[in-house]
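Following are the structures in question.
Look at the two complexes coming up: chain A is in both, with chain B in one and chain C in the other.
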Partner chain A sequence: MPMPKIHEVGDRVRSSVALHTEKKREPRLRPRQHLKKKLRHKPTKVAIFRYSYYAPAFKYFIEQVLDCEYLRLPDPTDRNIELGSLYSSDYVCTPFKHILGDFIEALELGADIIVQTGGPCRLGYYGELQESILRDLGYEFTMLNFSHGIEKGYVGWAKEVLKVVNPDLNIPHAVRQLIATGGMMSKLDEAHDFYLANRGFEVEKGSFDRAWTALSDAFDACKTDRDITEAFRIAMERFHEIALDKPENPLRIGVVGEFFTAIDENSNLHLERKLTDMGIEIHRMINFTNRYTHYNEPNLRRGASKYLLYDMGPTSTMTVAAALSYAQQGFDGVVHAKSAGCTPEIDCVPVLQQVSADYGMPILYLTYDAQTSDTGLDTRLEAFYDMIAMKKEKHL
Partner chain B sequence: MSATSPKGGAHNRERFSGKLAVNNVLLKTDYADVRIIGIPRALLFYRYRTFWTTFFENLGRRVVYSRETDQAILEAGTARSIDECCLASKAYLGHVESLLTTCDAVFVPCYASWNVRCGFCTKFQSLPDLVRNTFAQERYVKDGRLHAGIRILTCEVTDISDKKTVISAYTELAQRLGATPAQTKRAIKEALKAQEAEDAARANAQEEALRLITQLKRQARKSSKEGKPATEPPLTILFAAHPYIAHDHFLGGSVIDALERLDCQIIFADETRHERTFKESFEFSDTIPWVVNRELIGSIMLLQDHIDGIVLVSAFPCGPDSMTDDAIMRCIQGTPILNLLIDAQSGTAGIETRVESFIDILRFQRKGGYIHADA
Partner chain C sequence: MTEAFLGIDIGSISTKGVIIDDGGEIIARSYLWTEGNPAQATKNVIAELREQIDEGDVKVRGAGTTGSARRLVGAMLGASVIKNEITAHAVGTTYVHPDVRTILEIGGQDSKIICVSGGIAVDYAMNTLCAAGTGSFLSSQAHRLGVEVEEFGEIALTSQNPANIAARCTVFAESDLVHKIQVGYARQDIIAGLCQAVASNYLNNVGKGKKIEAPVVFQGGVSKNVGVVAAFERLLDMPVIVDADGHLMGAYGVALLARDAGASATDTSEGGAFASGAFDFEAALDFAYTTRETHCGKCANNCEIILVYRDKDLVDAWGNRCEKGEVMKARERKAAK
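Now for the complex of A and B:
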């Protein structure tokens, strides 16, 4: 059912709403000019690494939360990973190389500040080592590294931002916008889940990609929480309007794996696009929302308690729990994507093999390093597709 | 509130027994029948050997270690592992396999990294599940019934910098082994004391060795000033590697042998007093997440003035070392560093050549380098 337009409803209920909001309005304790928005952002150029489809959320974070200018990186080329591999230790995990390459490109484009997130496992040390490598290369920059202040959580990060980026940040405003950023990431994930499940069955080729670009552009233009909700609503309407030719029982594949490689299409060589092009329905539990916003590790682990006693690593529980849930839902296969040298995901492999054996569900293990060839991946995916398609035919 | 003296005792007893009952539901005594506990001689064994052994022996258990790493163990472990695993973890699985026939249960603890500045590689966190799933095809007998997998004894230590969590983890383990609270308390206390004593003994020995070398150097300098022929003090090499590489005769042994053959005095970075090295490492970096690497780096910084060279050894492809070795090579200036990677190749000629040339350079430098080459 199409939703009624906001203004149509608005005319009818305006008077009652106005009265209602007038009552609920917070008292104006401050003089009005405090609330007046600055005309432009601080002229510092801030760049962040490329990470999948989250660029609009990063832009929103930098412009609305940090109140700085966002430096957009162009679409990635092979030069990115070549630069990254050239300057990093050879057996460090591949996301490190991708991100280092991104930072070099950002600094060449004139970034003043580059942002690195802190995190579990080796990610916590990415920032400091990358800063050291880039300084040795002679770049002048400031790094906003969220690995600092991680012990104190949000307070520590707020102090770090005030110190490094913008001392006259309006904290209450920034907090509100940070929550909105989280909301935008969740909405991006939600839209992407729909995109993955249905892109393989579009009647007119390319309509999902066009709708996705439109969504991305609309999110890029957002300035407030309300803009985000509105953009999301319009985008989802457009997604739902796309004509589909979906069989009753399509091939379904779950994608599991490491947080960077399983999600970022640049580092997994467009794995999802390749799979959906074959007419497969894709599900991917691991994304920002499920890993950070709604992450409840003990709860997830309980579902897979046959295989897991303890938390095995930053994303391991989700990898195993997702694979298990796909197996229980009768998926046709699972693709496990990880970067070379990712210790937690390597340790997951024996567990996944066990799941695969118990449920008779094939799992394709993909390891991406800096030299992974596109054609090699195509061959492996095609072989996997043929296998699961034949298996399905046999069982129907 | 009104539970005063006459009823108080009963009330307290009830409360106490209630708590125990709750604990008994939570903590089964499912390990009570385990008499012989096997500990794999790999990974954290080299850090906590004394603690674990004292703990189990105080609870009346017999402890067996697997034999020293050898080619057969490594091959068995490699066959069990995913090929991308690091060498040390492959060896670990080989050690577990070698223990299967000699003990009732294998001790595989989980050391997690809840403290972001004092954690471990995620390998130590995933070991129990890794071992359970790797050996899922094996079978063992318990209570007259056949069970799938192998029997492992495990506990979860979430944060080693917080003594309370360590004690609570081992309390749970002791209770599952069927120990009374008093036995548990004593076993943990004894174990902590024994481990501290051993660490202190090693640190003292190292300080003593360093003191002797400083003395020798001073003497040599004095006698060369007076024009007398002096005995040259040995080259002091700081061996910075994870303890499971440095003290394993198979993995790190070839490097140690090569250094000893060249008459070097080896100082192990992992033996320097841990509290001091950990604290010192924050001068180097405040975001390194791994406690062992912190201790190695802290040791390098503390001892840099007393040593002639540093040998960094890591097992291929060690996750933490892939980053910290890079940082050490970039940031530690003024002391020559040799960075070696150990892999599954059994030939040692390559390592020997590199160690020899490194020592030659150090000797050359000690004589004055290019500037005073003829002196």
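Now for the complex of A and C:
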């Protein structure tokens, strides 16, 4: 019998030792899992107020940047503004009421954290006020208020997020995803500009709305910057493929006004849909991208230096500069939308009247309150349409 | 045989109707109180118009409606044109006064200003949040003072020294008025002060920022009040034109629009007032119109849907904000099956 090789002896010894110890050891049914810290808790549900078509970007921000679960609010109904008006002061501006109503609905749906973005006007103080109203109503929640830390800019906001929402945030990853969120905002605005300019001329009714829903859904599913780029490319291809029946010289209207009311269709009673349904090309300079990402107030003001000497308020420069630019481009009219009690935009009205008189371009001033009805708006828009359409016909 | 067109303006306080021939001349006119029942008021107006024309000769080929009940009455009559009152007034007035530059209009519940250049409306404004200084305010104050609102203007003109009444808001104006009555101002001074208040309130609110240029035409029910006309002339320092038919201008405008739309635009479907191609006065007066209100209930909006029935047939429905509440389309789908 040949001598066993030395490694074979080792194997035999090891196997007998293993067999021996195995018998003695307590059977372990499940290997112990060491979960990551964040997985040991149920995910935090975060909700933001409803704001126009930006929900996919909010979702991306909450899921990819804050690493939480996004709580989507259902489509708004009258209950939203009823709740908001019930618990807020009568004289506060309408966006406050809408946002408060959204927060109440979000908390009813089980949100852990609600986000108030703050803003460049009174909106900057609304977070605190809404928080104390909601606490008085007995809700328990955490509020992420971007008015906190604003004095230190991004660093302040980052500290606020780490403190309030998620202390385990991977900062470099979050920064990359934040930039991607900004990119998604811009792409949403770009797509929406195309939508507004052409929706009124679609051959098959509803094709633009369907394409918009597809875009919104695709953006909802995005997880990386590359997903966003791809989804946007596909969506824009679809938009461009829609058959249009557009006259060479269509009626064109510019929408200007306050940051919330002019953009949010729930607040302005679907102003843009009503206008495009009449077959009008709409332009709207004011949106997130133009007001934040590419905002250069002094530069914008120089374009309207005849009318503006200093910055009058959060969106005033853009309102006047946009109206002036539309007038110079020969638009048929401008619609100015503001909420009742919006002081900066009320200040803009005399300037806009001057622009209107200088260029002979009519401006329709709309003030939205919580009680505003569709009927009054329809009458005014219809009359405005008749007026500019008759004027155009006469000049051609 | 004369081709004619009907125009009806159903306001909150009064209902106006005209019949024009194809040359644009008014051949029948009527002005009655709405009294909260637009359907009945329309029938009364139609009955009154009928008496003024020779039915054998005049064939009404189309109809237009305007005013706050335009949709309801439009559905009742099978109107070819349903237009807002701003457009109707602008069209009517520029037809009568091609050189007009400014149209002032004060009605029962709303007031508006229309700026015209070269025969077309170039700018307009409408009272926004409240109905201060409109016709209904004047008539409630007339009631308080125990005079008929129709006499208001004449009394105002006799005043040498109009009382100063706050014009900003109806509630303040009213408490000011009560105060002036209690301290013993002469009645004509108070009435003149009220007329003044209506005019200055209008110019401060609706006319704010608008350039008012002559010729100025003043319309609406309040234009029949000579006191307010005089107040406008004094405040604007220019003559203010008031037509004999100024209160009918909305109805006239929409009749002109119906004429331009032509007989082909008229809904000649079975059972309607235009079924024979011409307006059937008898049928329009005989139909029983009922309006029923229902709530959609398919979401929290709970939209109020208005259903209009002619006898037992549903002729129109509106008020839904989304496709879930589309009554007419659902019926059409059912009928197609």
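Everything below uses one rule, namely that the second predicted complex is superposed on the first by the 354 of 396 C-alpha atoms of A that agree within 3 Å, B and C clash if a C-alpha of one lies under 4 Å from a C-alpha of the other, contacts with A are read in each partner's own complex, and residues count from 1 in each chain.
FYI, a residue touches a chain if its C-beta (ideal position, glycine included) is under 8 Å from a C-beta of that chain, and two chains touch if they have at least 3 such contacts.
What you are looking at is a predicted structure, and each value in this text was computed from that prediction instead of being measured.
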{"item": "Partners on chain A (chain B, chain C) - clash or fit", "value": "fit"}
{"item": "Which of chain B and chain C A:286 touches, first, second, both or neither", "value": "neither"}
{"item": "Touched partner set for A:174, first chain B, second chain C, both or neither", "value": "neither"}
{"item": "Touched partner set for A:349, first chain B, second chain C, both or neither", "value": "both"}
{"item": "Which of chain B and chain C A:394 touches, first, second, both or neither", "value": "second"}
{"item": "Contacts of A:323 with chain B and chain C, given as first, second, both or neither", "value": "neither"}
{"item": "Which superposed partner A:77 touches (first chain B, second chain C, both, neither)", "value": "second"}
{"item": "Touch count on chain A, higher of chain B and chain C", "value": "B"}
{"item": "Partner chain in contact with A:374 - chain B first, chain C second, else both or neither", "value": "second"}
{"item": "First, second, both or neither for A:185, with chain B first and chain C second", "value": "neither"}
{"item": "First, second, both or neither for A:93, with chain B first and chain C second", "value": "first"}
{"item": "Minimum C-alpha spacing, chains overlaid - chain B and chain C, in Å", "value": "5"}
{"item": "Those residues of chain A which chain B touches in one complex and chain C touches in the other", "value": "340, 349-350, 353, 367"}
{"item": "Contacting residues of chain A [partner chain B, same complex]", "value": "88-89, 91-93, 96, 118, 120-122, 124-125, 127-129, 132-133, 136, 145, 147-148, 150-151, 307-314, 316, 340-341, 343-344, 346-351, 353-354, 367"}
{"item": "Chain C partner contacts - residues on chain A that touch it in the complex", "value": "77-79, 340, 349-350, 353, 356-357, 360, 362-363, 365, 367, 369, 374, 379-380, 382-384, 386-387, 390-391, 394"}
{"item": "Of all residues in chain B, those that touch chain A in their complex", "value": "82, 84-86, 110, 112-113, 116-117, 121-123, 125-126, 128-130, 132-134, 136, 154, 156, 285-289, 316-317, 319-320, 322-327, 330-331"}
{"item": "Partner chain A, residues of chain C touching it in the complex", "value": "83-87, 90, 117-126, 128-129, 209, 211, 299-302, 321"}
